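What follows is a pair of complexes built around chain A, which joins chain B in one and chain C in the other.
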Partner chain A sequence: MQLQFFVQLLVSGIATGAIYALMAVGFALLWQTSGTINFAQGEFIMVSSFIILWLMGLLHIGLVPAFFLAMFISMFIFGFLFKRILVDPLLKYGDVPLIIATIGLGMIIRELTRIFWGANALPFPSLVKNKILIFGGLRVGTADLVTIAVAIVIIAALQLFLNKTFVGRSMEATAQNQDVARILGINVDRMILYTFLINAFLVTSAALLVTPKLLAKFSSGETFGLIAFMAAIIGGFNQVRGALIGGFLIGIIDNLAKFYLARVHLPFTDITLNLSPYALAIPLLLLIGVILFKPEGIFGRKEERSI
Partner chain B sequence: MSSKLNSTIQGQQLVKTETLKSFDYLTWGLAIALIIGLILAPLWLKNYGLILLCTWAFRTVAVQGLNLTMGYAGQVSLAQAAFMGVGAYTSTLLILKAGVNYWLALIIALLISLLIGFLIGFPALRIKEGHYLAFVTLGFANLIWLVLRNEQWLTNGPLGIRDIPRPSIFGYSLFEPIRFYYFSLIMLALVTLVVWFILRSPWGRAFKALRDNPARSESLGLSQTTYTLLAFAIGSAFAGVAGVMQAGLVEFIDPDSFVLWRGLLLVMMLVVGGSGSLIGPFIGAAIVTLLPEWLRFTGEYYLVIFGLGVIIVMRYFPKGLAGLLPFVKKRFFTREVQS
Partner chain C sequence: MKRLLISIVLLFSLSQAQDSVLFIVPAEISGGGATVGNNWADGVKLAAEHINAAGGILGAQVVTEVLDTQTDPPTSKAVIAKGLEKNPFAVIGPVYSGSTIVNMVEAERAKTPQWVGSEAASITQQGNQFIFRTSSGQNGSIPKVTKFMKDEGINSVVIIYVNNEFGQGGRAAAVENFGNLGIDVKLELSTEQQQADFTPEVLQAIMVGADAIFAYVNEEESARLLIALQQQGVTIPVFGEAVLLSQVVLDLAGDAANGVAGHVNLTAEAPVPAVQEFRAAFEAKYGYTPDHNAMKGYIAMFVAKEMAERVGSFDKLAVAEQLHCSLITTEDEPGVLMDIAYDENGDIDRDTFLISIQDGKQVVTGVLPRLKNTCADQ
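After this line comes the complex of A and B, so read on.
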């Protein structure tokens, strides 16, 4: 019974983690290829779900067509325009002005969302109706399974693209060493633009999968951004693989912690504490631990220092 | 009439320029006029205006602390609001629950913020490349918020703590807004003096050297980690003081007053005002405090406008508004001299 319960928590943890991985991979990609530490990542995800809702209401279309339309809008605004208007002019001043500009952008998006759609949480349709399936005593929700399936298809496609296609390899080369990539005749600027477009696509997918669970709310971007951050740093931000594993890790830890921290029995006493509000503290402590002991991330590789 | 002679090489030629003395007169005159204006402000401001100025004062103190971390040590801290929370809650709980004297509580709050600054700055600043301090402070800001919200027995949770007393000095109560205003002004002056002193000291020069050329400074024997850590811890202690000032002013604190995005707002105040400049924090805090008052018509759009302003400042004047001063000096108050 104990084990069964653990497996159930693990499955829903993997579903959460798959979404977190989508959030984190795009974040890590931007960071690697262009040095953009995007503090508006969470707000991109948050507002994407509002764009999907808005399109559904405006054009009277279903969730899936609205998602694909939103994806193009998102790629244009949070991919192309974001890079051309904000990132390109600022990158030459170093990364701190760009960090601050993305913080400002995040605030603009959050406030505009609050003004246009209000401060209340809006319900968001789910891809499939959640039905509980029972496999030999194991209860698993279909929503979780679909989330895992969609996320894995996207991640696998991304990995194939990055590792097997010429453009993907060129993007990896750009991420590793821009100067050498340029010498090899790779159009570095174009490759960076592709990462921004991919990030916008991942952001919209994450919005599609995460919002049915958490509702669409203007303030949830802060949490999403924090998760993308933690996943990328814990896993190792200089590799796509690191951010992926980081995302899954945080999702699983999150789910397990929420359950097991609810009844913590202090040893040698009769006191039982409910520590589940502190579930978020565990990935945060893990983050601080990683920075303390393995700053390149659990799965990252060390970077040579140059002066 | 010349005050300073500077030599710069333009192209192949050595150009001697001098800064006109009128520039010094002008800046000093403006500064003195502003100080006198602040002292005399209660003559024509009602309570509401004074409270606004008090808000400006505690924000400036917090941003000035951030200026040490960001402007001089070149590291990004996102937890400045969380440190304000540490200061505000420490002092309030000490006063209300333990009956500690206000001034002692202020000092303890300052020391605790300083200590926590050292504790979380140490792991983050060991690594020189990258922005690990930003990440650690991001985590810390969220942890503090979680603790403030969930430890209801101590902090009263999301409802916050009401009826926080304002201090008195030698039996002279600072409850009246005008008195609390002068208290805030004196605190602001003290903090500014401390920053000014730090920047003038060999210490401050080490900060600047490390920011501008870390490799060379390290080769001269300055430890970047130590100096950055010191700057961050002192900057955090300032935030603690600002938190105590805020608690006294508002007479109410709750976890949401010290949430992450408030810290981000402080960062934006600093860069808009001008990081790495002593007057930058004054300008940045004034904009965020006074903008919604002057631009009433902006209503709820004011944070959107401020966000746009941040991006424009970053794009066109990365040194912030205070960075315009050297430009004005060079453009209008400098002339070439024949050698």
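After this line comes the complex of A and C, so read on.
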């Protein structure tokens, strides 16, 4: 029974973690190529889900066509316009003004969403109708399986694109050293723009996967952004792979902590403690531990600077 | 000449004051509680419209000013303090107990009556003579749902609650009442607002093998919990209170909500003509079905109106004093929708409802009559 529950927790943790990973990868990508820490990332995801719902209602189309249309809208607004209007003018002043600007942007998006779509949470259709599959006592929803599969396909395709294509490798080169990339003849500005477009694609994909579970609500971006940021720091801000694993780690650890802390049996006594109110602290403790002992993240690349 | 001018200005001011009466409406318009706050504010605004259409209060037109607490207790305290500078007749809101606990001292200091949608037991236990509920607090409603569970043959239970003021208050009241009824609380599971996955709590509930689950979490989380229970094939009954049984949860949880049962103070499904009239007017104006918070906001305004009319003026201190131990029937004021009695602390006694969810809809399975145990009935 205990093993079965453990596997069940692992599977549901992976399903949630896969979505966190998608969010975190976009975070890490933007940081690597343009030095942008986008605190509006969660709001990008949140509003993408509303755009999908809006398109479905407006054009009377299904979820998948609405997703692809929303993806183009997101790429234009959260990719192209975001870079041109907010990031490009502010980047030269350093990280802090841009961080403050993205926090402000997140607040504006949040309130505009509330004004246009209201404050109530809205149900969001799932890619597939959820059916419960039972494998030897393990109960897995088809929606969770599809979420994991889609997230893995997107991330694998992204890795292939970055490592195996000329454009992808140019983007990697830009991320590693923009000056050297320029000397090699790479159009650095274009590569950075591509990164923003890819991030917009990732946030729309995350919206498609996360919203059936978390519902479309104007305030949910704060949670998404916080989790993506934590996942990126834990895994490694400067490595796509790190952010990816950070997302999965948070999903799994969160689930395991909630389950096992609910009944902690003190050894050599009959005392059982219920520590479930403190489960939320476990991912945060991991975050603090990483910042203290491995600030580049568990799978991050150590960056050294000499003066 | 100067005195004459001052007298004219004063007279003009007084006549203006009699033309309108201000209510400030702190509510969770944005932030995590926006679903409940907007329902509340819409209910208040609809009541103001109805009151004004019928001639206002003591001839004065009602003016409401909605203040966004952002679902943040310190912000709620700040906006109420600022709103009170305008010398309103009453404070109508907020809903979240965590906010009310910290902001009610402002209305008390300004000696202004405050009607809230909050249900945490502690709110009316602090000797504040200006705080009034619009529905039973946890200390009034939890005993009813736990008694209902006992009547249904439940002998052991797992409590799943949200780790905030609302959830902690509900958990404490539930534990006490389950104890009194001899129902064994096998496990209490704390959850967080905005929690995505409830699989750990559901698996724990399966493992301890209780007769039932008592769920006391916020709206969206209630829906996710019910979906997780369905996914894990849990067949033990789930009981709860107004939030778990609310229309919002039913819309979000879909068929996962079927079979859930419990007790609610107010429901748009109540077989009461006045409630159905309110519901129709609300749906016509706002295009969605009101939840219990919208009804609470609506009722609060009519209680304030009735008390001002009983006192014969907008004397805030007199209104607060008069309301304690008062009974307001629908014959006195139809806008209160159902007879309502206030005790000496600002808690209320009113008919309540037993609900079960069938085919995604609330079905009233019983009406629990007013207990008639307050000082208003003696």
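Simple rule for what comes next: the second predicted complex is superposed on the first by the 286 of 307 C-alpha atoms of A that agree within 3 Å, B and C clash if a C-alpha of one lies under 4 Å from a C-alpha of the other, contacts with A are read in each partner's own complex, and residues count from 1 in each chain.
The rule we apply is simple: contacts are C-beta pairs under 8 Å (C-beta built on N, C-alpha and C of every residue); 3 or more make two chains touch, one makes a residue touch a chain.
This is a predicted model, so every value here is computed, not measured.
Colleague: In the superposition on chain A, see if there is space for chain B and chain C together, and answer fit or clash.
Modeller: clash
Colleague: Quick check for you: in the superposed arrangement, does A:Leu280 touch first (chain B), second (chain C), both or neither?
Modeller: Both: A:Leu280 reaches chain B and chain C.
Colleague: Could you tell me if A:Leu208 is touching chain B, chain C, both of them or neither one (first, second, both, neither)?
Modeller: Neither partner.
Colleague: For A:Lys217, decide between first (touching chain B), second (touching chain C), both and neither.
Modeller: It touches chain C, and chain B stays clear.
Colleague: Check the residue A:Glu111 against both partner chains and state whether it touches chain B (first), chain C (second), both, or neither.
Modeller: Once the two structures are laid over each other on A, A:Glu111 reaches both partners.
Colleague: With both complexes superposed on chain A, which partner does A:Phe259 reach: first (chain B), second (chain C), both or neither?
Modeller: second
Colleague: Based on the superposed arrangement, let me know which partner A:Leu193 touches: chain B (first), chain C (second), both, or neither?
Modeller: Touch partners of A:Leu193: none, neither chain B nor chain C.
Colleague: In the superposed arrangement, which partner chain does A:Leu29 touch: chain B (first), chain C (second), both, or neither?
Modeller: In the superposition, A:Leu29 touches no partner, neither chain B nor chain C.
Colleague: Which of the two partners, first being chain B and second being chain C, lies in contact with A:Ala181: first, second, both, or neither?
Modeller: In the superposition, A:Ala181 contacts neither chain B nor chain C.
Colleague: After superposing on chain A, check 45-53, 99-107, 153-161 or 225-233 and name the one in chain C that bumps into chain B.
Modeller: In the superposed model, chain C runs into chain B at 99-107.
Colleague: For chain A, what residues appear in both contact lists, the one with chain B and the one with chain C?
Modeller: Common to the two interfaces on chain A: residues 110-111, 114, 277, 280.
Colleague: What residues of chain B sit close enough to touch chain A in their complex?
Modeller: Those residues of chain B that touch chain A are 70, 74, 76, 120, 123-124, 126-127, 129-132, 134-136, 138-140, 142-143, 146, 149-150, 215, 260-261, 264-265, 267-268, 271, 300-301, 303-304, 306-311, 314-315, 318.
Colleague: State the interface residues of chain C toward chain A in the complex, per the touch definition above.
Modeller: So the residues of chain C touching chain A come out as 29-32, 34-35, 37-38, 163, 187-192, 194, 196-197, 199-201, 203-204, 207, 219-220, 223-224, 231-233, 248, 251-252, 254, 288.
Colleague: Report the residues of chain A in contact with chain B in the complex, numbered from low to high.
Modeller: Against chain B, the touching part of chain A is residues 37, 39, 86, 89-90, 93, 95-101, 103-108, 110-112, 114-115, 222, 226, 229-230, 233, 277-278, 280-281, 284, 287-288, 291-292, 295, 303, 305, 307.
Colleague: Quick check: in the complex, which residue numbers of chain A touch chain C?
Modeller: The touching residues are 1, 5, 8-9, 12-13, 15-16, 110-111, 114, 118-121, 123, 130, 132, 139, 141, 210, 213-215, 217-220, 223, 251, 254-256, 258-259, 262-263, 274, 276-277, 279-280.
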